[in-house]
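What follows is chain A paired twice: with chain B in the first complex and chain C in the second.
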Partner chain A sequence: MTMTLVETITVGSGGAASIEFTGIPQTGVDLQLVISSRSTSSSTLGLIKINGVNSGGASGYAAKFLASSGSSAFSGGDSFYARAFFANRSTATASTFGNSLIYLSNYTSTVNKTWSSDSVEENNGTDAYAAIIAGSFTSTSAITSLSVLHETGNLAEHSTASLYIIS
Partner chain B sequence: MATPTYDLLESVTLTSSAASVTFSSIDQSYGDLILTLMTGNDSGFSRQNYVYLNGDTGNNYHYVAMRGTGSVAASFSGTDDTLVQAGDSIRSKNLGDMNWVVNLFDYSATDKHKSVLTRLTNLSGASDAAAAAASRWANTAAITSITMAPNNTTYSVGSTFNLYGVAK
Partner chain C sequence: MSDAPVKVVVDLSLPKGQRESIIELTKAEIKERTAMAAEAETQRIADEAAQAEAAATRQAGLDKLIALGLTEAEALALTR
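Entry: the complex of A and B
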């Protein structure tokens, strides 16, 4: 009974619209997703996609976040998007990436799915966020696939995501 | 670097309603503990979860916390509380509404107060929030038991409670 690495995926040259984990083994209790990410757009917000269901409309996703910039604290969220992490934006200093840890409980269960996330991004002292994020997905299906993507833009080259099963 | 190892020490999925769940005689050979909860309750309302260490319901828990509701960011603190804080009421109504992850550091030490870090996802439709808290249990005893109980109701069938040991 351990924390087992399922797969690490690194984005190659040219970037990628998403990182996809499919065929997730159903042998665990919880999932942990570790992300190092940079966006090709000006947005810092990142999303996850569960079982191929996109955010928006009546997708069943909801999220709230609490973030600190070093000078102020603020909160946001809505009932449509699977917000799950913060990433460095495209204008950030080269080679800087955000780091996030997302914990999803009881991913094989037949109740709605929830996650909690710790996330940071820092840009050479010019901006920085530390955030916690609460998210949920109204679905009784087990999680068999997960995607990592940005709200706008792509994942920049060298972004990585690692999926662990905790069993 | 060695891969951190989580060992599942105890796991409870309720097959009948229960007023409380206790993990007792906790293995003392690990460095830290991680507790995860996903619960519902039978009241039909959002109810607070109480969490106690070693059965201590005295005024021995101190905390600083933060909470984001989606529109308001808040920070608060307290002393002499009677339970482990989560940064928000640890409410749950329906299974799948909440996710609570708790780190208990150096839990087997007998020469220090115990530090507890919590992260809460609460999207039950009542007091929705992302929250976190740092707590201190003012007791040098090793943590040998953790008790969880909903306020004035019972946990519903299917509620899950997992306790992991993190290898030193």
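Entry: the complex of A and C
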């Protein structure tokens, strides 16, 4: 197995609504996204958008999650884009960022795509979210683009996203 | 200078050093983003209401068990 770093992007001054990897080389088997992010809003939820497909389109997103806020545990299902990771919310401990790893299997295949993630919010407070999520994307097309964004707000300055190809 | 939100687009078909572009969101993208945030907020409120209802139902059940003569520890043990 070979794991190749394709690109690392660091968000600059002023933040950004999203990081979009396009033209993903079709030379691997799996993809891995490593995200360090902080939101400019009070929401901790981070999303990935595959091939530019929005929630509610013909191609659907689905996920099951097991999560904790630090004080209580919860689980459930989701179909809103691909809620795939936790970012640090704007009120989390200053200058800290959430850690997330998202693994997408068989991204060039002609069957539906599946992914899994584990992520944590880093916060020295009452709440600090963590989750393991399993997700799917109903599409027989190869994954050629991936976007990283937050449910609300921007990716704050110094947030990073790295894309790896596993072959 | 425009205050429109921007996105970082990374075209991996290009050589390193030429891939990254900072692009302002289009009106359609801003509209989608606004709709997404509104939908997320609606879902968040619904999720909180569902969690509150579940907690209230659980507490009502515990109260009934305690009213039947169980201690709180016994009632909680039954619900685990």
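In this section, the second predicted complex is superposed on the first by the 157 of 167 C-alpha atoms of A that agree within 3 Å, B and C clash if a C-alpha of one lies under 4 Å from a C-alpha of the other, contacts with A are read in each partner's own complex, and residues count from 1 in each chain.
The rule is simple: a residue touches a chain if its C-beta (ideal position, glycine included) is under 8 Å from a C-beta of that chain, and two chains touch if they have at least 3 such contacts.
Quick caveat, the model's predicted, so the values are computed rather than measured.
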Max touched-residue count on chain A (chain B vs chain C) belongs to chain B
Between chain B (first) and chain C (second), which, if any, makes contact with A:75: first, second, both or neither? first
Just chain B (first), just chain C (second), both, or neither: which does A:134 touch? first
Touching partner for A:115 - first (chain B), second (chain C), both, neither: first
Thinking of the overlay built on chain A, is A:152 touched by chain B (first), by chain C (second), by both, or by neither? second
Look at A:166 in the shared chain and tell me whether it touches chain B only, chain C only, both, or neither; answer first, second, both or neither. first
Just checking: does A:55 make contact with chain B only, chain C only, both, or neither of them? Give me first, second, both or neither. second
Is A:14 touching anything from chain B or chain C once the two structures are fitted on A? First, second, both or neither. second
Partner chain(s) touched by A:45 [first = chain B, second = chain C, both, neither]: second
Per the contact definition in the header, classify A:25: touching chain B only (first), chain C only (second), both, or neither. second
Contacts on chain A seen with chain B and repeated with chain C across the two complexes: 74
Which positions of chain C touch chain A when the two form their complex? 5-14, 16, 19-20, 22, 25, 29, 32-33, 36-37, 39-41, 43-44, 51
Going by the contact rule set out above, which residues of chain A touch chain C in the complex? 6-7, 9, 11-12, 14, 16-25, 43, 45, 54-55, 74, 80-81, 147, 151-152, 154, 163
Contacts from chain B onto chain A in the complex sit at residues 3-8, 11, 36-38, 40, 66-73, 75, 94-101, 119-123, 128-132, 158, 160, 162, 164
Residue numbers of chain A touching chain B in their complex, please. 1-3, 5, 29-30, 62-67, 73-78, 103-106, 109, 111-116, 118, 132-136, 138, 166-167
